[in-house]
Every structure is written in structure tokens, then in C-alpha cells.
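Below: the structure, in C-alpha cells.
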Amino acid sequence: MPNEECRTSNPQSRARRMKTKIEARNFGVKYGDKPALRGVNLSIFANEIYGIIGPAASGKTTFLRSLNRINDLVGTVVASGQLLYDGIDVFAKDVDVSLLRRRIGMVFAVPVPLPGTIFDNLALGPRLHHTARGSDLEDRVERSLKAAYLWDEVKDRLRASVMALSGGQQQRLCLARTLALEPDVLLLDEPCSGLDPLSTGKIEEALVRLKKNYTIVLVTNNVMQASRVSDRTAFFLQGELVEVGVTSELFTKPRDKRTNEYISGRFG
Amino acid sequence: MEQAEAEKTNVSVGARPERHALYRARFHWGEAIIETAIRSSALIVIAALVLIFVFIGKEALPIFYSAEVHEEVTISSLFLPQPLAGGHQTRFVWQPVSGKPRYSILPLALGTLKVTIVALLIGIPIALGAAIFTSEFAPNVVREIIKPVIELLAGIPSVVLGFFGLMVLATVFQTAFGLTFRLNAITAGTGLALAVIPIIYTVAEDAFSAVPDSFRAGSIALGANVWQTAWKVVMPAALPGVFAACVLGFGRAIGETMIVLISSGNAATMSLDPAQSFRSFSATIAAELGEVTRGSAHYHVLFFLGVLLFVITFLTNFAGHLYVKRVREKLQGKRK
Amino acid sequence: MSGRGAIAMNRGLIKAFAGFFYSLTGFACLLVLAMVVIVLGNILVNGLPMLSWEFLTAAPEAGMTKGGIFPAIFGTAALVLLMTIVVIPLGVATAVYLHEYTRPDSRTVNIVRLALQNLAGVPAIVFGLFGLGFFIQFVGGGLDKVLYGGRLSFAQPCILWAALTMALLTLPTVVVATEEALRAVPQSYREAVYTLGATRWQVIRRLVLPQSIGGILTGGILAVSRGAGEVAPIMFTGAAYFLPYLPKQLNDQFMELGYHIYVMTTQSPDVEATKPLLYSTVLVLLLLTFTLNFVSVIIRSQIRRRLRAS
């Protein structure tokens, strides 16, 4: 099974490389009898943007959803191998899943604004865990909206319904909602699919700024986006990890033939 | 342990909480209590059904073994013809309150069947006809009218239907058909039909709607008109659902109490004539339970009737719903 | 016969059959309409004259030939209120269990669903028998032994047992309506809240239940409508024809609209004299059940409108 290799030339990244945030050891997932992911071995470092690209049914979404165990909600799922977060097996018996999800937040492909006001959406996370109240809560809401580049557009209508927002705004709202939890890791599943270029640009800009404080895993169908934003990129194909590398190197000198074909658009 | 080494910029979102034994699962006490409460609630449904059978059966059981009860009635005397006093004739008689109490249930069974058949003879054609019409022929407007009307009909309490039967239908039928008895199976059967039509209509209409439009489109494309399509394509496809509708209607009719209690005349006879007064199982229970002494043979027999009703309706409903499920699976392609 | 003539005649026959079938089924629809109109019309026409404020607020007099039916209205309301307190939490909990806590194809779920369907099909009179045999004799008898040392207090027909019996009868209605509402909450919403680190109960409490309130209300109202109309279950578990008092305790008997109608219809010594009062009582019962059903329909359409807009 291919292992990830990482040759960096940048001393700064070498220093960052010392902290492995997430590690997959021979990780696999089956839905009933159908395997979706096989033998994945990789490491994700702290404070990097780790991109995952690949065609449909390559298992990238399955991998992402396993990281915060939201995949547990699918009845037939069976995981094998290990998925370590800060050295702790995510699937261990004594792991509290709700606490795990508090540290590892997620933004879905389709914006899911929850019914209620903008403020309610953002406050939900802190309210669930009783981590902020009153003016603390309002500060947190403001900071999250600013970090998601949405504050200026909604600051006058925090108590308005979310339904009035556009698609791009709703997705930024979902990002802000995740940030309001003050998590450790951000998982994004094709967050810009279906969004206009302006919103896409804002989200990408937000991600780049956020990586200073978060570890970000970004699954994307858009190869160009991966090349713009991610530090390292992994290429998944049909449930297997084919290749991982520093983005610039992966895109210019991919080692595997299949990577090359996918990136150059020979198949998709 | 990881240290916070990131610089804070003006778009950072605050300090990160320290990580310690965060991953050891906390036992959520409140959650556990609520979850137990919710699980037990669901089990109450099962328990209720079991308890109903157990407690009604318990009061009916003495018929099988109690010597005291056997002085008045035994299982065989319930079902087989009994000899009349001082005679060579044997007859089925239900006369629990008399010098020599008689407990043959055949008159009651006959009465129940009589009124059910009348109700279904009237109700099935009307309900099915209306279902076909609203589902295949009528413009949407008609459906928007008929469906609320059916719901209105379903919302009429059965005691009101029985009242209507007694007050209006009985007199009307008597004058129209020249019947001897005002209260009979025709009167009660019509009232019962009114109660049963909504169920048959709803299930049948669901069955017709569930037939995919592609069937109809294909038939029309082959040149058939709407009627041919309905008759030759839709009906056969929906037939199991229609059958289930009738079975469910039957189940409802068998158990219905108030309509029959009020407008049947409550006479336990062995006559097959629908124009005569009759008695049904449920009406018997309702009419006589108020006057029995607890623990008497009569009391146990009434509970026995309850068990009979429970079993019959259980079986018919089970069969009906099984059929509906099969139809759904068949149309979804899960079953051939 | 063959040739064009045969085809033409065949087509004509088919058209004739089509027309015949069409009119037959259309006639069936008209019959349904007619039936409903006749029944409701008859009751409206005959019941309206005596309907008045006094009728609704006074007690019956002179052997039910004069006066009003307030005690019956009060009794019905009390019965239904008690029933609702029991059936809504129970029904909602069962629906939540079926939809949120289990896998759709698990064994337990299938058994519970089966039990629910069969519970819905049990005849009302059998519920009455159950109320008598279980609630009054078993539970009531047990309570009396434990709490009152054998003195007769709860082992008799009273509003408590009647309400519990009714609650069992209407349980499937509430469960079905609640499940419908739970199903309408999109799974993506649930996932979004789970992703924020919510536990299952938090997801239910903060998202699913608030979003399902409309459906739960609908189920509750339908249950109430049924509870007000069914007579057989309460005949032997607590309803009485004439009481000089209103029910004040759980072990009191009570007057009830449906039961009142039944007794007046079948056991009144002078049917002609009580006829006006009788018709008006029926009208009141009908108005009550119809208003409830109407309200639930309104709520349902509001929910649908809201869902379509979002």
C-alpha cells in the first residue's frame, strides 16, 4: 500500500512537520459488504491545509466523515484499522464522540443553515456545551463571523432568519458556526461546490488565514482549488490513497501515473 | 502534550482549550435517564397489546375449567346446538337472563356476519367506486373536495351514526320497503357502511395512487383510453391493495359497537333475513356487561366474546397490513 | 364480424362502457357526498333550534327533557384533558424511539410497529373490557389494597380509568402523526447539529422536537377528537348518565356527551319529548369533533406551506 512520503524543502514546514495531528494506519471502511476505503496510511500535520482530491466514489468523503465519526450515523458502516487524533484512536471505546466532534468541526458540501436566526445558528455550538454566555457569547459570535468573512454583511441583521442569506453567505455561516465552537481541526467537504467565484474566493481566503490556528482538511472536487489553497495534497482513487505530496510538487511532478492523468483532466 | 504555538492574528478565534482527559467518555446521566424513559415508552405499546390479551383472556378462562361455570355453560354449549327444555329439538339460543340460561353464540355470530355483509355490500362498491373515480378519472378539483368529505365522514363518531340510523334511516327504510321491524340489519348495516367507507376509500385510493404513472402513460401511449387503462392496467396492479382495503374494512365492521347497539334491535335470532332484528358480538358485550355480577358465568362468557373479537380483528388487521406492505414492496421492485 | 364495421362497433362499445363506468364511479362519489350532507344536514336542522348559551351552560332537568348539558360537556372536557396528559408524552416518546433511537430494520422496531398497527385495530368495546379487567379490577384493586387497606376507592369505574383506557385507544394516532413530523426533519439538519458535538438527546431536544411541534399538535388534536367521540370504552369504565355533581377527583364518575347521547337514544322513556334535547346534544358533539378536526387540518396545511417555502 502506498505510504505518504513527504520531502519538504522549507525549514518552516519541517518544524511544523514534527506535530502530527491526525494519522491513519491501515484505515478502511466498508458499508455493509461494499468496501469504500482500503488500507489508507497518511499523516496530517498541525496547522496545515491538507487537501484531498479524487474523482467520485474515491472514498475521500468517507475518509473525512470518519475523522469526526459523523459516519457513525450511517447504519451499515464498519471501520477497520486506526485513525489517530493527537495520538488517540478515534474509534476507541472510551472516546466520547460528542467531545471529539467539538474538537473536530465540519462543514458540508451543501450549506445547512439550521432553522432560526443567524445568531441562533452561531450560538448553538457554545450553548450545547455551555462554553459561553451573555456578552462572551456575543463576542464569540462576532469573532467567528469575522473569521469567516461574513461579519460585515450580516452585522446589522443578526436576529434575522438565515433563509434570507444567499448560498455563499450560508456556507460562510456554516463555517462561522463551526468556528464558534473553537475547535482544533476543521474538516471541509467540497465547501465551495455550487458557490459563485466571489464566495469561493472569500472562503479560500478565510481558510488560508485560519490555518495559523487550526489544522484544516479540505476535500475538493476542484483540482484548481487544491492547488491554490492546500499545503499538501492527497490523491484518492477508488477507495485507496494513491499519492501524497507537497502541493506544488504533486501538481508539477506527480510520481504516480494515475495522479498525473487525473490532474491533467484525462479522467474525472 | 501539544502547546499552543500559533500566533494570534486579528482574525484568530480565541485560545484553544487544553486537552486532557477529554477523551475519556463522560457518562451522561441525564441522557441515560431520558433514553431509558423513551425506550420503555415504546415497550409500553407492546406491553399494552399483550396485557389486553392476557387480561381479557384471564376473565374468559374459567369457561374452560371452572366447575361452577360449567353448571351453566361449557365450550360445547357455546358452539353446539342445545336441547330445549323437555324437548327433542336442539336449537341455538342466546338467552343468558332466564330461568335456564342459554349461551349459544351462533345467533350472535350470525348477527355479526349479517350486518357486516350488508355493510360491506353497500360500502365496498361506493368506496371503491369513489376511489377509482378520484384517482383515475376526475380532475384534481374533485379530489380536493372528496378527500375532505371523506375525512369529515371519518370524523363522525359512531354513536352519532347509530343515532342517525335509529332516528332517520329506520323510519325511511320501513316506509320505503315495508319492513316489519324498524331496527334490523339493513338499517344498522347502512350506518355501519358509513363508518367503514372512509377506511376502504383511503386504503384503496392509496393503492391506486401508488401505481406508478408510467403504467398509465404506457397504456395511453398504446392507444387505450382512460377507462381501459383504469380497468385493465391500474386495477390489476392495485388489486392487492384493494383487497387489503376490504379486509381492513371488514375488520372495522366486525368490531363496531355503537352503531349496532343503537340500531339493530338487539334480538338474538338465528334468522338469515337482513330485515330482522339481530345481535352482534360487540353489541352483546356492551348491552349486557353493565348488568352481570362479577365472577358469574355470564360475566365470563362476555369476556370470552371479547377474546373472540380480539382474535378475529387481530388476524384480519394483521393480514390486511401484511398485504399492504407486500403491495408497496412489489411496486418498489423489492419483490416480484 | 370483421372489417371496419366491426372495429367501429367495437370502438363504440368501448366508448359506451367507458361512459358507463365513468358515470357509475362518479355516481359513487356523489353518493358519498350526499350521505354526508344528509346526515349532517339532518342533525343541523333538528339540533339548531335548541342550541343556545343556556343549553350549553345549564344542567339537565326534568328527566332530560329540559335544561342543558353542561355537565356532559364538562365531563367530556375533563376526560379528554386527562387522556391528553397521558397520551401525548407516551406517544411522542414512542415515535421518537422508533425514529431516532433505532435502525429502521431492527427487530424491536418491527415488533413495536406491528403492535401499534394491531392496537389501532382493536375494537373499542374490547378496550372497554380491558379497562374493566385490568385498570379497574387489577390496578384499582391493587391500589385499594395498598393505599386504603381494602376500602373501595379506585377499584370502580371512574374518570381516571376511563381516561387511561382512552389514552391507549388513541395512542396509535399520536404516534403516527408524530412520526410523520419526525420524518419531515431533514437528515442533513441532524447531521449538522451532531457535527457541533451534540449528543442524541440534544439533537432531539434542540432540533427535532421543536421542528415537529406542528405534527405533534396535529396528532394530539386528532386524538382528542377521537376521545370525545368514542363511547364503548367508557361505558363501563366511568361514564354515568345522570350525576348530581361534577367530577372533582380522579375516582369520581363523570357525564359525557357521547354516552349521554347513547343512553338518551336507547333508554329514554319518552323519545318524542327528549328528541329536541337529543338532537342538540348530538349537534354539540359534532361541532366539537369537527372543530377539532378542522383545526388539525389547518395546522397541517400551515406546516406544509412552511416546508414548501424553506
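Couple of notes before you dig in:
Lettered A, B and C in written order, each chain numbered from 1.
As a working rule, a contact is a pair of C-beta atoms (placed from the backbone, for glycine too) under 8 Å apart; a residue touches a chain by one contact, two chains touch by 3 or more.
Quick caveat, the model's predicted, so the values are computed rather than measured.
Each chain gets a centre from the mean of its Cα atoms; the one farthest from the centre of subunit C is A. Centrality by Cα centroid goes to chain C. Centre-to-centre separation between subunit B and subunit C, using Cα means, comes to 14 Å. Mean C-alpha position of subunit A lies 53 Å from that of subunit B. Looking at subunit A, residues 99-100 sit in touch with two or more other chains. Touching two or more other chains at once are residues 199 of subunit C. Residues of subunit C touching subunit A in their complex: 103-104, 187-199, 202, 206-207, 211, 310. Looking at the complex, you find that subunit B touches subunit C at residues 28, 30-31, 34-35, 37-39, 41-46, 48-49, 51-52, 55-56, 58-59, 125-130, 132-134, 137-138, 142, 145-146, 148-153, 155-164, 166-168, 194, 197, 201, 225-228, 230-231, 248, 251-252, 254-258, 261-262, 282, 285-286, 289-290, 294, 302-303, 306, 309-310, 313-314, 316-318, 321. The touching residues of subunit C, when paired with subunit B in their complex, are 14-15, 17-18, 21-22, 24-29, 31-33, 35-36, 39-40, 42-43, 89-90, 93-94, 96-98, 101, 108, 111-112, 114-130, 132-134, 137-138, 168, 171, 175, 199-201, 225, 228-232, 235-236, 258, 261-262, 265-266, 278, 282, 285-286, 289-290, 293, 297.
Put simply, subunit A touches subunit C in their complex at residues 68, 70, 73, 75, 98-102, 105-106, 108, 110, 112, 114-115, 124-125, 128-129, 163, 174, 177-178, 181.
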